[in-house]
Each structure stands twice: as structure tokens, then as C-alpha cells.
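Each of the next two complexes has subunit A plus one other chain: subunit B in the first, subunit C in the second.
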Partner chain A sequence: MTTSEPLLTLEGVTKQYASASAPTLVDLDLTLDRGEFFSLIGSSGCGKTTTLKLVSGLEQPTSGRIVLDGVDISRVPSHKRPVHTVFQNYALFPHMSVADNIAFGLKQADVPRRSIRGKVDEAVEMVGLQASTHAKPGELSGGMQQRVALARALVLEPKILLLDEPLGALDLQLRHQMQMALKEIQRATGVTFLYVTHDQEEAFTMSDRIGFMHAGELVQVAPPTQMYHQPGNARVADFVGTANTFPVLSKDDATVVAEHFKLPAAEVAQVPDAAGTAAPDGWVVVVRPESLRVLGPASPRPCVCLEGTVADLSFKGSYTSVKVTLPSGDLVANADLRTATGLALGEPVRLGFDAQDAWVCPAVPAA
Partner chain B sequence: MTNHKTVTVLAVLGLLFLWVPIVAIAANAFNGDKLLLEWGGFTTRWLHQTLRDAEFRTDLRNSFVCAVVVAALSVAVAFTAAVGRRGLRSGRLDRADDSLVLLRMVMPEVVVVMSIFLITRLLEIELGWALVVASQVVYCSAYAFLIINARMSQLSDVYENAARDLGARPHVVFARVTVPLMVPSILVAFLMTFTFSMDDVVSPTFLGGPDVTTLPTLIMGMIRHGVTADVNAVALLAMVFSLVPLFAALTLTGVRNLGAVGTDKRG
Partner chain C sequence: MLVDDRPDAGATRPPTSQTTPPARRSPATRVGSALGGLLAMVPTWLLVVVLFLVPIVFLAVASLATFNWDTGKLDWVLTFENYTELFRSSTFVAFKNSIFLSVVATIACVLIGYPIAYAISLTSGRAQKLLLLAVITPFWTAFVVRVYAWLTLLGPGDLVPWMLSLTGLTSSDLDLTYTNTAVLIGIVYCYLPLSILPVYSVLEQIDRNLVLAAYDLGYSPAKAWFKVTLPLSLPGVAVSALLVGIPCLGEYTIPAVLGGGKTLMIGNLVTNAFTGTGNYAAGAAIAMLLLAVILVANWGPRGIAALVRLATRVLTRSAA
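Let's look at the complex of A and B:
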């Protein structure tokens, strides 16, 4: 686990590509602790891959500093940084065997020939590819190529391993297996992982901490549970899971007022230091579908009660997702299977939630 | 259905046009009747005679060495140009370069060679092998560039980035990653320019002067005196000697599908 000793620090890093009009990264501050599994998430174009390239040295920051283990590496060329990458499409050298791919970096580092053999064997064993050491990458499946890419980078014992959407090309089942494998390897080796993905579930599964990026800025850095339950703004809330959002009409120390309900401010969880947080676009109340209950006639009355009609029922296996139309818009609630059997399309339904399951955070301008 | 038939007939005619002369040459190389007036029985006499002939052997060697030198120079020029082009942002400069390459290909060889010839007369430069090779490189390198640049422009920088990321210095990235990934296209360009040079008549005729003789000029000279069985034998041998290195090279380097050149063959 993390020891919260800072390993990598990005200080005010800005990146402006010559061909782009707006900067890709704006004044980014980020600290990674030694030994942690850190994920950067965000939709495409948010700057997460650029951040990775800056750390690896494949791109240079326009301004700002990148400090690794106390050394400013901002101007150190890529091949001299103790940082290695697992690329999106693996980027295995097609003209070299698996063993030669893994040995490539060791040869560059002038490791003696005898120890290269041993290290390659060890790495191959770590990722379970003993049977394929002499195969060319083209003869391997996607999952196996992924393992080679991982071994090729880890064998160099990087201070930080960068992973750029490494599981994007794999099918779902394999992706789940690889997530577990990555988590185990990260724990076993203790190497700090900086992982980039647009898949929030993947990030939740593996990470110690997650950074959410949007338009070149780091919006929120938090452990997975906190990011899910206490998102920094409505955009984060929406990205990391289904979110029912209610615009806040007014808000003071005593009550939070939305269109259909009022909440006692003392019971509602809010962004810490809410008074100091800028919210130029106002505030929203966020309620997750699992906190929104479908109420029967005998149910205890929760803090907030909303009435609408059932617009859609989708069976999800362990629960049913209920889409409910209200005059102000649609909501999504998760109903357990027994409750869901009592529901029918077009019928009226009552939904409720408790104040402590609501979260108030800044709204964002509509996209 | 009629469409189908027309296409089939045309295809067969086309194939006949291509193959009948080649088969005829091969057959007549073994024809016992020297003047080819009739089938004079099977003989390997002409082949033996040709293989022993000092002039044929010299000209074959001349053509082969010249073709290898031309192909090597053309590929070197083309590869260097393609590497340079890769660093060039698209704009006026690379469009101008494209036109120059195109010009070297569409300009009739006779015109290029004639203009070089006239200059040599003007400046009193001696004719010979150097001029033959140089003039062939002028247009061969354009074709080589087309092939190599097609691959180079498709070569994604991910492999080179990966190599840098793994600690490779720039020259190592180039030697261990960029060049190996380009090998199939370099090979194809080499074989193509080799063939161009091997069967070129124009350059040696105009720029070679009295001392330069090649296989094509030998055949041209022989035909002037009438087509006989031994001309067929020379032609057959010329064919064999230019095809053997081609297939040998393709087999040895494991490039089986020329269509795959220029594409990323990753699975």
C-alpha cells in the first residue's frame, strides 16, 4: 500500500501543441506517492494521455516542472528517464521474438549478457508466457501481447510504470482477468503505476487513488469510493456512474432548496469548504440510483418523496434499473427484483431518498 | 452471363499475348534448326554455346554488376530521401519534392538520356559506365522512393516511441527499429530497380560509349543480323539470370507477399 511519500510531482505543468489552438494541459499540479496505483480518467481529449507522454519524456512541457524522486526531469530525454510505458496497442517490435522484445531495454541499459538471460526468464515467468518466448508478437493473442508489453517495461524496474489504456483492445472477460493480474503484479512488485483509462470501472477496480481530468485540468483527485460518493462536481458525478442530478434553486446554512424538495443542510453531505468553492454555474444535488428507493404503500416515508411514471424497466441481473419520468425530467433508480415485479410501464410510482444519501456539488455548464 | 464470357475471352487473350512469346522463346532456344524455319529437333547446343561464349559472359556480368550498383545506389538515395521527408511537415516543400519525383518517372528515358548525352558533348565528358549508372539512378531512385516512402509514411511512430521509452538512444532506435521495419520495402525497391537496370537499352547505348556492352545491347546487336536460335538461347538465359536472384531474395528474406509491403503486418 501507499506510504504517502511523494515520488512524482508535476508542478504547474502546461502543454501547448504547436498545431492546437488551446493548450492541452493547463497548469497541472499532481503528486504521486511511492508504491501507489494511480489512475487518470476522463473522456478522450481531456489531456490524460498527454500527461503520460510528458512523464515518459515523449513530449516536453511548455512550462512547469516534473520532479521524479527529487530530480527535475522536465528536460531529460525520454531514453534517460527511469520511467517506462505500456502502450495502448502494445507497440511490441514485430520483427523481434518475445524474448528479444523483453531483452531490448536491458541491452540499452548495458546489462551484462549473462544477467539479461536470467532477468528475461524471470519476467516471462511473472507474466506466465514461458511457452511463447520464441514466438513473434504477431503469433500471439491480444492478451498475451499485453503481457509481453508489461514484462518488457517491468523488467527494467522503472520508478514509475506508465500504462496508456493497456486493456482497451481486449474483450470484456479478458479485461477483467487482466485487471486482477495487473493489481496483483503491482502489489507484488511495489512499482508505482500511473494508469490512464476512460473506463471508470477499470480505474475503480484497481486504483488506490484516481484523478479525474477535463479539458486539460485536474478536476478531482480522490480514492475510488470518495470519487463515487463525493464527486467534485456534476461532471465527475456523471462520468464515474449514473447520477440523478437536481439543480439547487437556493442554498443557505439551514436548507438546500431544489425544485421539488427541500433538504436540511445539516444532514446533506456537501463538498468540504462549500463556502469557499466557486460554483459559477450553481449547485446540484446528486443522488445515485442505488440510493433512490421505489416506495410501496407501506414503506416508511423518507426525507424526500417524488412522484412520477415508470418510463422503462431494464433487467440488470441482480437488480432492475427503473427509469422514471417526472415533470422536471427523468430519474434512474435501482429496484430489487421483488419491488420491480410490482412495477409496470406507464403506471405511477413513488421514489424516495434520505438526506444523508444526497451530495451537493457545483454544477457545470451543459456540454 | 455474356459479360462474364467477354471478360473471360479478354483475359485469355491477354494471358496468351503475355505468355505465348515467352514460351516460344523458351521452345526455340532448344530448336535444332538454327534459322527457326521449322522444328529441327530438341538440342541444348545453343545453350551450351552461349554459356561458353566469352562475349555473352562478359555482358551478363556487366549487366549484373551494373544492375546491382544501380539498385544499391537508388535504394540508398530513396531511403535517405524518405527519412528526410518524414521529418518534413506537409506543405509547399514536400509537394515540390513529389513533383520532382513524378517528373523523373514520366519523363521519357530517351529525353533524359539524350539531354545528359548533349551535356557530355558540350563539356567534353568521357562516356562510360559512370554515366550509364548515374542516368539509371536518376529514374530508378524515383521508383524506389515511391515504394519506400509509401511504407515510411505508413510507419507509425509507436515502435520508435516504444524504443525511446525503453532507453534506446536515437541512433539505436534508427538501426534496431526503423530500418528493420523498412526492410521489406527496401528489398522490393532493390529488386525492381535491379530489373529496370538489367533490361535497359537506352542508357548504355547513348552514354556507354564504345567500351560499354550489356546483355540488352548484345541482344539488340544480334537481332540486327536476324533472329536465330542462339538469340533465343541468350534471351532465355537472360530471363533465368534475372529471375533467380529475385526468387532467391524473396525466399531468403521471408517476404512472400509483395502486397504486404507497405502495410503493417501485425496480427
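Let's look at the complex of A and C:
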């Protein structure tokens, strides 16, 4: 993504289904740049799939505008939008061969009959399905069906490709392969991707930017690293990875005070413009498990030191996840192999972190 | 690490033969379970043989026997006379009527039934249950009563002629009773539910996302219907056509009541032979011919296709 030229803008989009009591989307503002890989994440029911349907035209917004490439498409029916979708369960036409599925959209578009063949061949090659063009979707594996769905939408050269949890039905290894393949294809074609998933790791792996949604609202839009290290609030922090949170008792320009420790306000990172950000439920200090170090007797003393007992050890391969019980609650820290060998269940342990690795953001009401 | 670093990995394991019985079953148990499987099939096979095969064999044997006009019974003298007797104009007319009426009725049932099935598939919840109930309810009233009821709608000045007269093509004095048209109307009316239900069940199973995908790929709702919904519902149409067409061929109540005995179908010939003259041999021969017609209609095209495939394979092989 070299330029940041807006391609799609959602302006104050609200969606109220007749059957639902609360609106599914509330006053959503979102801008996608040309050529970027943008992911919407959030737990089920947060409105991410509805957002996708509004962009594809399969649903109409109750209010608000959707502008694509300078044209208001809010009221344009789905079949006239230059936007195509890879559906969650692929939605391949079972009565057509792979080649016919891919050619389906082209036959409808103003594409000369002669060039359809060439375009289909190109698309088939892009997704590596040369050997299966005559097969019916039912004869293909899940991963191959996924590729057909991708080719079928991409062959129409959409201004935006919408992907609705396309890898959800695949096993883990295949999912990793497809993530790499999707990223490569996105780079090669330069098509703007709007990707919906509940898997934050998947979003991190592929996206240029991520939008986190909750209860019909867009909580935070940020590049993956920023969303992980500087989450907009405690809910984002928790969704995009394991988060140790400490309620902030008081906070001023000099210090941030939590139950067990104080942090110098100048050193700890905070949500930008923290003073102006509304935090009706107070603030929390967020520390990621990898920033929480298990301290040996000779370790240099970090900024904050906490003492507890080891409640659980789970071996994760490259590190060991240590659950530590404190009087105020449980923490999770990642210990490297050497540190972990010195730990035993029920034994006392000291944990520490530096102010630079902590992050202060608004708390959220308990669910 | 590929090396097993436990010094005596094998020896520490308990000897399996002592703690658990061997996993493999002896040949005797395998034969036993296969026998058990066969035994479980016996009731099914008995039903098929007793209820389907035996009667057909009886019928085939009876069709080759001689009817004794004096005693009114069958003499077990082998003859093909019952079949040669079939080459008469009355049989041909009955066959012609049966095939013509069942083809037209099947087409009409599919053309009328499909839109109804599609409309029902578009509804949901309580409305859908009510509509399905409306389709099925006629099955709960006596078939003959429903057929007779039509006689009161088809006479001069009755509902159907009056409605037809609104087109200006016919007079409301038109008498449709005891005509081929009456038989056709009766058949279409009686078999319509059978043509609706299979199409409905197939339409209902079509993944809604396929239609949405067609919209998404640039197809207007009408075009998407023709390219996706219609082709995917054709198996249901085929089942409908079979469910209507085959029983239609053997139909005898409707032509007897609404055709007043003027429109003879094969079913009527069979009924006449069995209950009229008591000539079981002649009735059996007609029934066998009907069976042959249905089998040929059902398997003929497939058989021809298989023969063509076989022939081309043999020819290409001999050419090579």
C-alpha cells in the first residue's frame, strides 16, 4: 500500500433489521484505501458480516451513505455493483464445472465471448486449479472449493473483493497456506480486500489495517501491531490476544496508580489524547504475557515487581505459558524454556515488567 | 528429535497380550457377523418377494393361461392368444388414451404445480405450514367423492363452463361431463399435490447463498432464477413427472366416473377383464403389457444410451 487514496467510504451507516430490537450497525464511519487489505474482526453478532452485506448490496442500509470510488452506491442493487464476494461456504454452483463457475459472472458482464476463455484460464492458473477445471465443486476438497470461489470473484476484477470468513471451514494447516496464498494474490492483483473474520491471528497475518467491531460499532481501526500493542480499550486488548489487565485506581499527570504498583505517567504509553478520551468505566493498565517476565534471584529489578504463586504451566513449544495467582486475581506470563524449568506448581514466583511495555486504555463494563 | 531417547522404551511397556485380548477377531466371528447382517436382511427380502415378485409371477403365468368361457375359469393350457388378442383397435385406443392423457396431465401438473411449489418455498413459518396443509388436505377426503364432485362443476351452466364462457370462446351451455377434457381435468386435479411436494422439497433445499452469489456476480433476480434456481430444481421436477405420469397410465377411477365409460384407459380394460367378464388371463396380459410399457419408458432411454456407449467403445477399440 503506497498510496492512501480513499476507495470506499461508509458515512454514518445504520442498519436496523425489522426483526431485531436493537440496530445491528450504529452510525458506522469507515474508509478503505485503494489497494489495501482491510480486515473487520469481532465476536459473532458484532455486525461485521452485516457491514460486508451492505457493501455487496445484499442488504440495504437503514440510513447513511456508501460511496465507492466517488459514486454513491447506497441504493444500487447488488448485481450492478462492481464489488464481488467470496462467501463463507463458497456458494459454488453445484450443477456447473469449475470452469463454468468461474465463467459465470463473465458471461453476464460485457465480456466478449472469445476473451472469456482466456480470462478463465488465467484465473484458474492464479489459484492453481489447472487439473480440475472440468470437475464439479462436489468432487473438490474444501481448500480447492475455496480457490474456485476466489477465482470466480476475482476474474470479474472487482473494485473491492469481499471475503466473509472464507477460511473458517478449513483445517489449521490449510488455513495457514491459504492465508499466505490470499496475501500473495492480493499483492499481485492490487485489488482492495475487505476481509471479515473472528480470528484475530488471521487478520494480523494478512491485513494492512484492521477494524475491531463490537455491538454494531467500530471500536478501533489500526494497523495490526498498533491494535495489538495499543488497543483502543480493554475489550480490544482482550480480543486480539491474551491481556493482563490491572484496574487503575487513580491517574494524574505524574503517576498511574494500580492496586499493587505505581507507574510514572511519562514513561507508560497511553491511548492518544487520554485526557480527552471518555472512560466512564475507568482505566486499565494492559500488559501482554510476553512483556511479563519471570524473575530469578539474580534478575535485574524491573520497574514493577509482583509476587504470586504458580497456578498452572502449559508448554506451548517455543515458550511456556505460566499462570500466576495474585491476591487480586490471575496473570499469564510467557516464560522461555530455561526460566520455565525452574518453576513448579504451587511455588512462589516473582514477575516483573517495565513501564514502557505497559499500556493504559479505557476499561469496559464487565459482560 | 528422531531418536527414541528412552533407554528401554520397548521393555517398559506392559506386554499387551496379557492385559488386553488380541484386537483381531477370529475368522469364525467374522463369518458370524456377516451371517448376522444377512439375517437382518431376511424380513426385507421376504416382503419384496412375497408382496411384489410373487404377484407379478402369478400375473405373468395367468397371462399365458386359457380362459374357459363355459366354466369361467382358467385352464392351465399354455397360449399366447391373450397377447395376440391385444392387437385390436380397442386396446390401441385405450393405450393411446392412457399415454396421451398421462403425458398431457404430467405436463399440466408440472406447469401448474411448479409455480405453486415455488410460491410455498418463498414463504416461511406459519404461512408455509398452512399452505402445505392446504396441498395435503385433499388426501384426507375420499378420492371417489372428490372425483364425483367434479361432475357437479362440469355440466351445462355449471362453474367450469361458465368460467370458460367468460373468455368468449365457448358458451356457458357447454357440457364437459363424460369427455376427455373432464378426465384430464380430474386427473390434473387429483395428481397436482403429488407434483407440488417433490418440487417444493427440492426448492426448499437449495442453498439461499447460491442465489445471493448469482446476484453478487452480476445476475438480476430474474436471470439468477433461470440460471441457478431452475436448473437446481429440475431433479424435483423429474420426481414429480414420475409420480404423476406412471400412476396416470394405470388410472381407472377418474375415466370411469368423469369419462362415463366413454374414455377408456388401460386401467379400465384391466378392470373390465377382471371384474366384468372375469377373464383373468386377458386382464393379466394387458397388465403385463402396461408393465412393459412403463419399464421401457423408464429404462429405455438409459438402456439405449448404454448400448450406444458400448457400441462406440467396441468400435473405437476395433479401429485402434
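Operating definition for what follows: the second predicted complex is superposed on the first by the 365 of 367 C-alpha atoms of A that agree within 3 Å, B and C clash if a C-alpha of one lies under 4 Å from a C-alpha of the other, contacts with A are read in each partner's own complex, and residues count from 1 in each chain.
In this text, a contact is a pair of C-beta atoms (placed from the backbone, for glycine too) under 8 Å apart; a residue touches a chain by one contact, two chains touch by 3 or more.
Worth saying up front: this structure is predicted, and the values here are computed from it rather than measured.
Overlap between subunit B and subunit C is detected when the two structures are superposed via subunit A. Once chain A of one complex is fitted onto chain A of the other, the partner contacts of A:311 are absent, as it touches neither subunit B nor subunit C. After overlaying the two complexes on the shared chain, residue contacts for A:126 are found with neither subunit B nor subunit C. Shared-chain residue A:303: touches no atom of subunit B or subunit C.
Once chain A of one complex is fitted onto chain A of the other, the partner contacts of A:326 are absent, as it touches neither subunit B nor subunit C. Once the two complexes are overlaid on the shared chain, A:139 sits against subunit B while remaining clear of subunit C.
Judged by the touch definition given at the top, the superposed model places A:169 against neither subunit B nor subunit C.
The interface of subunit A with subunit B overlaps its interface with subunit C at residues 56-58, 77-80, 83-85, 87, 89, 91-95, 104-105, 108-109, 152-153, 156.
Contact residues of subunit B toward subunit A in the complex are 158-159, 161-170, 172, 176-177, 180-181, 183, 264-267. Residues 207, 209-210, 212-221, 223-224, 227-228, 231-232 of subunit C touch subunit A in their complex.
Those residues of subunit A whose C-beta lies close enough to touch subunit C in the complex are 56-58, 77-80, 83-85, 87-89, 91-95, 104-105, 108-109, 152-153, 156. Those residues of subunit A that touch subunit B in the complex are listed here as 56-58, 77-80, 83-85, 87, 89, 91-95, 104-105, 108-109, 137-140, 152-153, 156.
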